[in-house]
Amino acid sequence: MDGRNYTPAEMMAIMTCKEFKDWENVFVGIGIPLVAGILAKRFHAPHLSLVYESGSIGPEKMRVDFNVGDSSAADYALSLSSEWHVFGDLQCGFYDVGVLGAAQIDRYGNLNTTAIFGEGDYYKPKVRLPGSGGGNDIGSSVGRVVVMMKLERHRFVEKVDYLTTPGFLDGTPGARERAGLLGDGPSAVVTDKALFYFDSETREMYLDTIYPGVKIDDVKASVGWDLKISKDLKTAPFPTEAELNALRTADPANLIMGGARERDNLSGIDEYVKITLENAYRKEI
Amino acid sequence: MMSVSSKVGSNNANKVMSLKDAVSKYAVDGSTICFGGFIGRDCVAVVHEIIRQGIKGLTVIDDSKTDIMDLLVGAGCIKRWEGAYLGYGAIGLAPNIRRAVEKGVPQPIEVEDWSNAAISMRYLAGALNIPFMATRSMLGSDILKYNKRIKVINDPYEGKPLALVPAVRPDVAFIHVQRADAMGNAQVWGFTGNDENKVRAAKHTVITCEEIVSPEEIRRNGNLTIIPFYCVDAVVQVPYGCHPQSCYGYYAYDVLFCGEYHKTSSTREGFLKWLDTYVFGCEDHNAYCNKVGWSRLQKLTYLERQFNRIHA
Amino acid sequence: MDGRNYTPAEMMAIMTCKEFKDWENVFVGIGIPLVAGILAKRFHAPHLSLVYESGSIGPEKMRVDFNVGDSSAADYALSLSSEWHVFGDLQCGFYDVGVLGAAQIDRYGNLNTTAIFGEGDYYKPKVRLPGSGGGNDIGSSVGRVVVMMKLERHRFVEKVDYLTTPGFLDGTPGARERAGLLGDGPSAVVTDKALFYFDSETREMYLDTIYPGVKIDDVKASVGWDLKISKDLKTAPFPTEAELNALRTADPANLIMGGARERDNLSGIDEYVKITLENAYRKEI
Amino acid sequence: MMSVSSKVGSNNANKVMSLKDAVSKYAVDGSTICFGGFIGRDCVAVVHEIIRQGIKGLTVIDDSKTDIMDLLVGAGCIKRWEGAYLGYGAIGLAPNIRRAVEKGVPQPIEVEDWSNAAISMRYLAGALNIPFMATRSMLGSDILKYNKRIKVINDPYEGKPLALVPAVRPDVAFIHVQRADAMGNAQVWGFTGNDENKVRAAKHTVITCEEIVSPEEIRRNGNLTIIPFYCVDAVVQVPYGCHPQSCYGYYAYDVLFCGEYHKTSSTREGFLKWLDTYVFGCEDHNAYCNKVGWSRLQKLTYLERQFNRIHA
């Protein structure tokens, strides 16, 4: 294995992890965002506290979570609390950063996780999506939002079909405050090909960093509006071997990063238990 | 005006009953229900029994309940969902929910969108017996646009926009916990979701638990009793009642069993076969455990206890 | 000691205890009401659950509480919860009966625990009282209220100076419901001389039971309005020796029933600890 | 609009400081404060230190806080009380409060009346960062008549009368707990009052505790951590910090010491002498414990542990 042998999902997790600062409280959703949180804790942000909407605050991450309500989310937590308290704490401003995925995003970082209308509408959508979950709440009140999604033209759209989670709304100054929202809104969009930030004046998403081997024209072609590009466009470094190793140890059966099909590579429950225990991250508790 | 007595079940020392009786008594056709836990501590055994008994026309008002809702929707038990999340993140909707919403198979379901914080506040309002709660969520979003039961006001103290959400008062709450006594004092370890509020908001509460313990055992750690007896109508001992979901301190998530479910349920036929095997083919939860295999369940307990133990 | 050798306070505790039924949930305040709850549990209502506004639900009463927030209030409780949850549960209707004291009461059971105006007013009262505490909340929402107070003419008044806790308000049908109140209001007033109930039609307090040795005229003279008397006026039995014994064991240093001055009868902390432990009510826990 | 960062103290591993420093930093003249516990777990050591430092002009917003308010009022620290209860049941007001309210000695105090449930709801609103909460208390009473900050509305869902009470956001909450780690994760045994909400509503929180323990000890029983580190600014170890009040599992109520206080404080001179002996005459809480006598304190621990033990 070397640092150039990695999947787009792995690159996305590693780029996301760098958006967290040490000592922050991160409100994490399930899947890749969570692995990014584990990774940050094992590298530059050992004092990061993860918070789960199920009510777990500051667990030690010794095994990967398959969902935000997996009992693993509660492993040696500093505080085992309630869903409503955690959302109250979110609204109080105690959480610095949240990570969200979406099916659609617009240039102001507004997100759709509810429905793709297609020829239809909200009541007869082409694709019904899961809904807000805690996404709207996080986008409304958390310090800043990091969005993780695949860079595809049908996802980066001029206007989202359904605005599930507010970004900068219409982008006018003070739009969030006028609506009554507390958090500072989206700060970064991490994709499988490039990293985007938001202009502090216009609130518009711009291309900040491109990943190794990706062409600017590919990125522009994957965005449904005339994308602005940083005057100081950067290229991301390759992931390090240490990062890739840590990532693969955190998700030893590759069930999160690799997805559902990886389950077929396991012979059964015995192998799964064995792999989990062999790769458990042991801190002295 | 809600009569005081409408929320008070009879207080008595022994509320223990069978899962079959608790479900048939409290999950009647057309009722409004909710479930405890948050994926972990999901009421899977209760859901199997609801399906086994062929209960129809249920409204579920809940936060994120994908796994058990997929079963209930696929089995045709659900009329309406008021909630926040039905899905598997990037994967999208669960297989039966997708078929019901996109193709009306086995039947269409009504969906009303809320956020998780909104549902949490609706249960908090119910638990306090007040008609609404205020939240700063959903402002500026299309959730408001399509859900007219959310009222945006300028609050009378600060004059700023605020969303109001109405209380929930479901007919019954089913909550799975680690330990309860026969009177219904229920103790929870791990995150607690909205359970403490659901049992207070609901007209009736059924507690399923890993272990029924003595009141003396409960009294040793009263701080863990998030559900007091007076909220509870029935207590049922159902070990491994959350499988394949996890139960903190008792057993880990069965990721491979869930994987099989997803694969099998990707077709309607596969799902019906799955139901025949694990629900209709099992006369009760014990038979389900036999089918899953006690050795497998023990391994999940072993795995969990490498990470989480209950200190009490 | 025989059953005729008792204080008015002891009679009041014993009469109050009879107002509780087995299996009920009683929201208790401090002082004599609490001792009445302990007594009821040791006699006719062993399954009574006491609830304290500090957040304790269903403790075993092995020692007396000096206040509702004494750690004794939490002894082996079934649930140790929060003040706000207990008040929420009160508002949900989970509590059958509450016990309240007051400085003033009127014929409709409205209570004043805030201020005696005298020549002054709310802002310059003759006597400033403790305030509502949880009294208003209990009177608003509990199933029924038992009031405990001394029978004195300056206490049983035509109109309370300040209505801290609603009884039947102006006594008109549906007055409580119109105001938005949930509980059924006052059911009994237990005094040191007599017991009063409320007419289910007129909502007016009437004399139901007189204590041994008390004269009706004394009672009438102690009430500031034209008191109605039950056609079926009863005389209370003397307390039994068992009741008095239980009462005195529950409060072994006589600090609750006897009041503050009884402290001087104790030689010091050692004697207090000894008396408390010797008289502790031991159930197998 | 409340900035997000205004409520977030710096997260760091070690917030331990002396009681003297914590009080001088957070209980500044003119600030608005509240205290944890509910008579049991009263912040007595904190109150002594506030008096020792001569802090003035405090507003206290709280439920039932008779004992510590009597000290603060008598010492002239209090400008205003927004609360529910200052008294000893049938006995009436506490001695210093009576002198302040009835005679303006040592100075008058402003009093605004609420009920305990109303104060509880004001803190719940603060903890959720919403401007108000609804309650069915106080309707039809004179509390409403004299307190214009309580707004009676016909609620927009059911059309029935309802009282609204505004959120509290005190400058600082002082909370005494049994155990905390240096980061501020605080665990409480016994009833919890409104503590979980006070720390969330307050701009700053100071935890005093019987014992500072390791984070590993906290992690063994995360369900008891009702106060997470991010609500906390300072952690102070103050054994017997509630004396003469009780601390569940650690020591019983010192009824005789309280009796002496009442007797002595029945005159202003007596109270001032008491202050000289137990507050000004003790340079810190350790000196107070010396004066009370460690043997006496140990007896209270012995007594408490005959009835209550912490199982963790």
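Letters A, B, C and D name the chains as they come in the text, with residue numbers starting at 1 for each one.
Here is the rule we use: a contact is a pair of C-beta atoms (placed from the backbone, for glycine too) under 8 Å apart; a residue touches a chain by one contact, two chains touch by 3 or more.
Since the model is a prediction, treat every value here as computed from it, not as a measurement.
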Give me the set of chains touching subunit A intersected with the set touching subunit D. B
Which chain lies the greatest distance away from subunit C when centres are computed from Cα atoms alone? A
Distance from the mean Cα position of subunit D to that of subunit B, given in whole angstrom: 37
Between subunit C and subunit D, what distance separates the C-alpha centroids? Give it in angstrom. 27
Please report how many Å separate the Cα centroid of subunit A from that of subunit C, as a whole number. 57
Which positions in subunit A are in touch with at least two other chains? 56, 74, 76-77, 80-81, 91, 141, 182
Send over the residues of subunit B in touch with two or more other chains. 1, 128-130, 135-136, 160, 162, 189-190, 192, 196, 220, 223
Looking only at which chains touch which, which shape fits best: line, ring, star, complete or other? other
Mind listing each pair of touching chains for me? A-B, A-D, B-C, B-D, C-D
Touch list for subunit B against partner subunit C, complex: 1-8, 10-13, 127-130, 183, 185, 196, 200, 215-216, 218-220, 222-223, 225-231
In their complex, what parts of subunit B are in touch with subunit A? 37-42, 63-64, 66, 83-93, 98, 101-102, 111, 113-118, 120-121, 123-124, 135-143, 146, 160-163, 189-197, 245-249, 252-256, 258-259, 262-263, 296, 299-300, 302-304, 306-308
Contacts from subunit A onto subunit B in the complex sit at residues 29-32, 52-56, 62-63, 66-77, 80-84, 87, 90-91, 101, 114, 122, 127-137, 140-141, 162-166, 169, 175-176, 178-182, 255, 259-260, 263, 266, 268-270, 272-273, 276-277, 280
Of all residues in subunit D, those that touch subunit B in their complex: 1, 128-136, 151, 153, 155-158, 160, 162, 164, 166-167, 188-190, 192, 220-221, 223-224, 311-312
List the residues on subunit A that touch subunit D in their complex, please. 23-25, 47, 49, 56-58, 60, 74, 76-81, 85, 88-89, 91-94, 96, 141-143, 177, 182-184, 284-285
